[in-house]
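After this come two complexes, each holding subunit A, first together with subunit B and then together with subunit C.
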Partner chain A sequence: MIDFGALDAAFALLSSSWTAWVFVLPGLIIGLFFGAMPGISITMAMAIFLPMTLYMDFLPAIIFLTAIYTGAGFGGSVPAVLMNIPGTSSALATTFDGYPMARQGRHNEALGLALTASVLGCLASYILLLVLIAPVSHVVLKMGPLELFVIAVWGLLLLGSLSGNSLPRGLLAGVFGVLLGTIGMNTAGFIRGTMGVPWLLDGIPTIPAMMGLLAASQLLGLINTSYLIEDEGLRKISMPKILSGVKMAVKEPKIIIRGTLIGVIVGSIPGVGSSISNLLSYSEAQRTSDDGESFGKGNPKGVIAAEAANSSSEGGAMATMLALGIPGGGATAILLAAFAMHNIVGGPSFIAQNKDIVYAIIFSNFAQAMLLFFVGLGFVYLAGYVVRVPLRFLIPSVLVVSVFGSYAIDGSASGPITLAVFSVLGWAMVRYDYPVAATVVGLLLGRLLEGNLLRSYQVSGGKLSYALERPGALFILALLVLSIVLSVISRARKKRRLSVRDAAES
Partner chain B sequence: MKSTLTRRHMLKLASTSAAALIAAPSMLRADANYPSRPINVIVPFKAGGYNDRLARAFAPFLQEKLGQPVNIINKGGAGALLGHSYFLQQPDDGYTILCTSAAPYLPLNVLLQDAPFKVSDFQMINLPSQDYTLLATSKDSGITSIDDVIARLKADNTSLSIGLQPASADLVNLMLLMDMSGISREGLRLVTFDGGGPARNAVAGNVVDIALVGGQGFLPLVEQITPLLTFDTEVQDGWGGKLITDLGGADAAFVYGSQRGWAVHSSMMTSNPDVYAKITTAIEAASKDPATIEALTSQQLATQWRGPEASNKALADTSKVMAQYVDLLKGA
Partner chain C sequence: MTRPQGLRISFGHLALLAVICIAVIAYLLDARATSLKPNNLLLVQPAALLALVLIAMVIPQCFRRASPDTETDKPKETWGDLAKVGALIAAFISLALMLDVVGFDLATFGFMVVALFLCGERNWLLNLGYSAVFTVLLIYGYGAIIPFPFPLTVL
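Let's look at the complex of A and B:
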């Protein structure tokens, strides 16, 4: 599966010229910075720097852009941990445990965990890519609407774990989110719930809505607190503690490997990508862990699961782009545009004829992932100082940055308006004890669920027997059921073990 | 009290006249020395699509001819409705021009989305890219020809699933083909996708049996699909299979797909005719420049000069046909 001749040529390409390397560091820093700004997506960071690459050679240009991609993929996790704002939609699950950890004064560890899981996930995904680029690309095109629908349902399982104390409230909040997600023009061309507002035709802008629901509501609730971390002794920025987070992450290879697999597979499916994979991985980790009930209250495993999956999605998306010439999402669309600028068309023939370039891109991404670890350590160390800023300064500044960020998404007032509406909504939901995260998950999955359910109905002509013709969908469904059954069994066994022990002790 | 009032009065007067003094010559200058500042190109789609690529690839040549930098601004959303409306809100002074898929989006905005404008509010300068519908199937589908497709649909019109975009020229072409072949439109298994890309991926992966999508976008997938029918009068991009005129004769009914390129405000023709002439000349010169042709052709982008007259006529013709089929376009 690996062409060693091309491998050799790839090394020659990378070592022949320093220009291929000089853009890695600036690319990572740009990515980290933009990714950490709420509202600036990975795509936008790459689009801003795309014109610059016109004046570079092909390989340095692609390496520069993929360095931004890698940096921004992790950058989004920093505000997710420190301020409950996912800098990008793919860092949503990172907020679930990362932010509680930060509030408990374990921000150093959380950032170390997130960084390490990201770096390992990214590395592992490119190793998989090196071996699997051809088979992955075959599977991707076979993913039909039914398969995608089952994946979306899998994502919905997360609602159960986000519900906190009251399952009905969690489900209600989740269904509300799904309904919000169906606003706009659906896949068959019908327009629902836009109230005549043309800005809603493409649906509610998810990133401003997410920022409003998660962050603004949270910040408004903190208004009577003076610091993010109440205990002054814990408000420290400590490299040893960040490194202890690194160690914790390395000790959970199972979660990282599972997250990577989910990330690569889901990331390679066009139009799904990292914003779903981090949810799936989190939900799987929660269901299979012994201490599943402490997820959402600051369990390090939650952070690892989310970060391993969202950063490994990059490898999956790159596989689809390189092998098929199809952009899986915005970021890879920009990369394809950069290909086009250098008169190179992605796709099967590109891989067949330019294996050396493909391998060179993959190898430079190994290097980027490793470099990210060191750059990231410095970045999170500095970013950690946020916890020392009194909230009376922090809250207004974060809100202002959020407003700017939400404006930047489309360059219109629809972003800030969405942010404002959802901030109020989020605050009210928190006030009356409904889990906002469930609504966000519903909102993210709503479109995917509805569009693919409708298409499954259209393709099958309404016949249920169609499912039997789709072994892929049945396989995913079987995995899903298996995962639920296993978690139920293991929980029951644990309960029995505990009760036996209690009986023996008493 | 009285003195302050007078002073305020004086100040106001002075500032107004100063503003007028500053503004007046600059307004004059704007006409005579156009362009005196950078020019914005509005692309009413997100980054990465055909129009975005066209605008970005063409911009360096256009700015050379105009002598001012050209910025690309993406204003995507709502089937280009938001970007088109935004463009019309900008002054018609030539500092904002539009690069769009005029057809089908301008007629669709008007026919289906209650757009706050008419198609004739836009003056086409050049629409070099004229896409066509390609009916294709997966290499693995077992379908070998368009006659095979028609025979299967004639026997049972639910026998094949058909991938396409709702409210598209492709949908109109499918219905015209069904009418021509005597196949009932009712009950066809239409599978609607949110964009051309997903529809093409679905047929390439054999998720749907056949798909009708803009042909140019199929080029990267050439190894996964079998082209069956091109909705045009001549062979395009080297696709095999049949032409619609092979099936329905020289006057076979069909519509063209996306017509993409450059446009300005129609009002500019009367308010700023000199600027309009300058822009037209610059776009014509840039389109015909051999360097442009070489750069754009290698990126599979169109650069042919059709000119305002032919471009506006092509758009008007397509708008008329789409208006005839408006019922088809409303919700599949």
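Let's look at the complex of A and C:
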């Protein structure tokens, strides 16, 4: 599995040239800064600095871009914790418990947890990448539309765990999100629900919609509050408390390992990636945890599960990109563009001929993850000061930053208008106890779900027996059914345990 | 919101459900008008029908018998509080619509002044000063990192 000769050559490559290392720190800081800015995606951060890499050698260029990737991967969780704004779609599940923790005055711990889970998840994913890069490439090549559809359905069924107090409201929020996600032109060329608006042809812009549903809606509801954390004593920024979050994360190796495995596997599937892996990992942690009922109310395990999975997806996405030359998402597409700018073609032949470079990239990512811990500590310490800003300044400022962020996506009014519409919808949904996160998940998955269902329908000619010819899809389906059955059993057990405890107390 | 006989009707919730219901029906009709082929309706039609069934299941939740427990469950918002939220929403929508029309600088400055006032900042010097500085920093800061130019009027 590991070529030791190439390993030796990789060490030689990295230790003989200072240029390979000099761009790591700037890359991380750029990534953290851009990832933490709502509306500026990892892809945009990497795209802005892509032209600069033209003047670098190949290895430093890739290391610089992957450092941005690593930094931005964690950066997105800072606004997710502090303001309920997932800086990137992969930080969505981080908001579920990170923001409630911040509202309870445990923002220091939440940031420490997120940083540690991110660093450990990223490190573990690159260790797995080192060992598994060859086998992963074989599996990914066998994924068809039916398998991708089943994975998307799995993601959708997570809505059950996000549904809050009322199952019909949770499902309605999710199905409404899916419908909104299918607006525009589908893969068969049919145009629906655009109301004649040209920019809706590509569908509802998901990032502004997500920012509106999750963040702006919350801010509108906070207008009658003075501070994000009402208790003055809890607003302090404390390095010891951030470090206690670090300790809490280290004490949950099971959640980190499970999140990492989910992140690497799901992250390696093109088009799915970290936006689903964090949800899968979160729901698995909720299902298997003894205190699953406190998820969504500020349970640290929720933050650990989400962050371990979204940061480890980077390793999975890199595996697909390096092994097959297929970009799983925008960030790896930019890396592939950087390959092309240096006249290098990614894919199986690249791995076969340049294993030393592949291993050097993996090793530099180890170093990036470790360095991220220290740079990230300083970054979250400074970012934590946001809880001390009075809400009368924070609400208008963050709303305006969200508007600028939504405009920055494609430079048109479509982003701000979508943001405004969805913030009102989100505010109304939150007011009547609908889980807006379910709508966001539906919105993200709608297009993926329809595209893959359509392709499966076209490939199979409408015959259901086609599913029997796809053992991979059946295996994933079996996993899905198993996870639902286990979830039902564990919920029933928990209910029984709670009722026994209540009876004993009364 | 509360009926004397103890039946509590949540008109706001009913309005939200009506909006979702109208949106789903309009989308389904538009999709069916585009084409009745499976390639068009494979996911949209079953999902829309499921949404309508779920709406029918949620509607009864808008009519609840008032009990002392539910009355004290949530802190009561006054009409004044709701009016403030409504005004902020109106200002926010105006900001989104006016950016291209009056320029990012004027729209942002105007929104900041109004929103700071609505959020409780009564010191006009601080309000105007903060709004102006924040607008300038944001326009030049974002302008430096994003590849699209902002339409501006003054700056």
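Going forward, the second predicted complex is superposed on the first by the 486 of 506 C-alpha atoms of A that agree within 3 Å, B and C clash if a C-alpha of one lies under 4 Å from a C-alpha of the other, contacts with A are read in each partner's own complex, and residues count from 1 in each chain.
Everything below uses one rule, namely that a contact is a pair of C-beta atoms (placed from the backbone, for glycine too) under 8 Å apart; a residue touches a chain by one contact, two chains touch by 3 or more.
All figures in this text were calculated on a predicted structure; none of them were measured in a lab.
When the shared chain is aligned, subunit B comes close enough to touch A:455, but subunit C does not. Residue contacts after overlaying the shared chain place A:202 against subunit B, while subunit C stays out of touching range. Measured by the number of subunit A residues touched, the leading partner among subunit B and subunit C is C. Applying the stated contact rule after C-alpha superposition, one finds that A:391 touches subunit C and leaves subunit B untouched. Within the superposed three-chain model, A:79 lies out of touch with both subunit B and subunit C [touch as defined at top]. Legend: residue contacts after superposition of the two complexes on their common chain; A:426 is shown touching neither subunit B nor subunit C. Of the two partner chains, subunit C is the only one touched by A:224; subunit B is not.
Touch criterion met: A:188 reaches subunit B and subunit C at once.
In the overlay built on the shared chain, the residue A:411 is in contact with subunit B and with subunit C.
In the three-chain superposition model, subunit A touches both subunit B and subunit C at residues 188, 190, 410-411, 454, 458.
Contact residues on subunit A toward subunit C in their complex (touch as defined above): 34, 40, 44, 48, 166, 168-169, 171-172, 175-176, 178-179, 182-183, 186, 188, 190-193, 216, 220-221, 223-224, 226, 391-393, 395-397, 399-401, 403-404, 407-408, 410-411, 413, 416-417, 419-420, 423-424, 427-429, 431-432, 449-450, 453-454, 457-458, 462.
Note for the complex: subunit B touches subunit A at residues 46-49, 52-53, 56-57, 73-79, 81-82, 85-86, 113, 158, 161, 166-167, 189-194, 197-198, 201-202, 204-208, 219-221, 223-224, 295, 298-300, 329-332.
Per the touch definition, subunit C reaches subunit A in the complex via residues 10, 12-13, 16, 19-20, 23-24, 26-27, 30-31, 34-35, 37-40, 42-44, 47-48, 50-51, 54-55, 57-58, 61, 77, 81, 84-85, 88-89, 92-93, 95-97, 99-100, 104, 108, 111-112, 115-116, 118-121, 130, 134, 138, 142, 145-150. Residue ranges of subunit A in contact with subunit B, taken from their complex: 43, 47, 50-51, 140-145, 185, 187-190, 198-199, 201-202, 270-271, 324-327, 330, 333-334, 336-337, 340-341, 343, 345-349, 410-412, 451, 454-455, 458-459, 461.
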